[in-house]
């Protein structure tokens, strides 16, 4: 059900082309994913998002796989198909195993279930849980 | 804005009381959180949810802190206040640092942003990303 | 964490007051809930929403309790505290039992879990499931 | 926009095959839906989810059609395409009529609208609505 | 991943056909979009939704483009693909520029990010912000 | 139901204090809102978010009020109480009227309703709607 226009490298604006070059270098790939070809419609959005993603997803207090699993879990909970497919691939490329993916998705299901119980049962935050 | 009735141990049904005993033993705490006192209204729901949570959150291919961060990230993305407060506390108890929590919450923000761009730009999943 | 101004009957605009009269009559109550006192800030929104709610929630092919449980389930899944509290009360007033409420909330948890698996596993709709 | 690999019975792990046998028996169908062929990638997740679904969706205080309508309503509110298609089919198979489906979907729309008004107008829960 | 049956004008019920005529007249188009052909399955839902949409989206205190951008932003945040595609087209038809669309989608990303920080950091509403 | 620790100017880290100074100058206010005092727990997150918010919300192809209404609409649709309260106040400060706010919230309700119908009725994107 694709409805967005993809802009290939040859047709991209200079600013979008520079981001594409940067992505290809950073990931060691010959071409960028559709997500970037679609965002190339708006080069300024594309550039800012790519830069922020690079910063936020770089290993820090959390390692690269954990970061990908968190990104993926939020995307799955949020119902984003493209993001689920692309970040599953990224997580695997960075070393995530099928066992880790299976545990991640069960936590998503558990959390969504727990969230809805908190809404229905309507308890207040315990004083001891306040930061 | 609490609106749910809390059922203390003394007033709980036997099935709910058994779960409370189990939680106190497993977590080494003198009393259970409000979430469980509220769910004690429906002991069968409480029992099944506690058992599933124990299984899903036990360390496996993912360690306990990573599991808590994933649960927390989904809850934050999903807007659950109680769950955010209680799983931040649980994550810290299991060893998560403030630096890890800060990185987790920035990934949540990034993922939600990325998810909405995928919806707006409407690209199809790349053939290479299909499992 | 209330932040909305409540407008009491005495201070309400004539159009909002007419809706309040109608609600009190329809529900046989001496005063309206806070939801309506808050919406009285915008009488036209309040009037249209009340009229649509009356039409949509009236017994039809589905009975009144089933309708309330569906409204409640959506509100719980969606994380709406006020709606969970008010439609639990409405459901009970119309005859819903604690057993029915417990089964409803477990279905919400199951559906949210199933929804996230559909996103993660990414299967296409079976031809036989197409309308 | 399918991106998940489907695993047919012949290629499934023994644990996944046992669940497939169970589903075919329980539903009286010659083959399972794509949802199960996709989940067969992770047999333990598949097995636990199927067992929970069987328990939660069995007629109890709520009948089978009401349960399906609640599951469907949550899935529709949550934007799950596959779940909407598959649970519409299940609801019809169990006896739901087009009139009931039309009333269900209007309640979903009403509830989502009401939920957003509760957020915007920001009223506190009425003391009388607390459990 | 279409799974809904489309009902063409020739096969539509009289009530649905009347709405289709109305849409074609109001928008100056030779045929209605798939959204309406799918809703024609339930003419009463279709009729009420069309009438409400006409009223709500008519220029008032907000102009037509601003209204479309708000509708679109909510649909993007909510992950609705069809709605994103159709309301992008509607917004452009009413005069929205690519620059406006790019700014709109960045606000969606920012708001979702800000929403999740409010949940995680858990601050109370400032007294001065209460209406 | 506040559960987050607020950090006042006097106790804030230098990096957080610099952001607070910047906010006070930019908005012409004597103190920052609770949102910033809570985010001061993680100065780097606070700093990046404030800078991005300044850039994204500055008048451009869309004026300041329209931008605030879009931010607010997404926050309301997403169930964020704090964000609804704070961005209603910001929108008013920048000139939004009660009539505009009332129209905005009705569009949110309409869009959420329309989004759920798109999921339920399951139509494909019309070729003419593709970008």
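When the chains are written out, they are named A, B, C, D, E and F in that same order, and each has its own residue count from 1.
Operating definition for what follows: a contact is a pair of C-beta atoms (placed from the backbone, for glycine too) under 8 Å apart; a residue touches a chain by one contact, two chains touch by 3 or more.
This one's a predicted model, so the numbers in the text were calculated from it and none came from an experiment.
Between C-E and A-B, more C-beta contact pairs join the chains of A-B. In summary, the interface at C-F recurs among the listed pairs E-F, B-C or A-F; the equivalent pair, sharing over half of its contacts by residue number, is B-C. One simple way to say how far apart two chains are is to compare their mean CA positions; for subunit A and subunit D this gives 26 Å. Centroids built from CA atoms put subunit F at 33 Å from subunit D. With each centre defined as the average position of its C-alpha atoms, the distance from subunit C to subunit D rounds to 20 Å. Under the contact definition stated at the top, the residues of subunit B that touch 2 or more other chains are 1-4, 41, 45, 48-49, 52, 75, 77-82, 84-85, 88, 102, 105-106, 108-110, 112-115, 117, 119-120, 122, 124-125, 129-131. Arrangement of the chains shown, judged by which pairs touch: all-to-all, with no pair of chains left without contact.
The touching residues of subunit A, counted against subunit C in their complex, run 75-77, 79-81, 84-85, 88, 105, 108-110, 112-117, 119-120, 122. Contact residues of subunit F toward subunit B in the complex are 1, 3, 41-42, 44-45, 48-49, 78-80, 130-131. Listing the residues of subunit A that touch subunit D in their complex gives 1-2, 79, 81-82, 84-85, 98, 101-102, 105-106, 109, 122. Here subunit F touches subunit A in the complex through residues 1-5, 41, 48, 52, 124-125, 129-131, going by the rule given at the top.
Across the complex, subunit B is touched by residues 1-4, 6, 33-35, 37-39, 41, 45, 49, 52-53, 56-57, 60-62, 66-67, 69-71, 73-75, 77-78, 80-83, 85-86, 88-89, 97, 99-100, 102-104, 106-108, 110-115, 117-126, 128-131 of subunit A.
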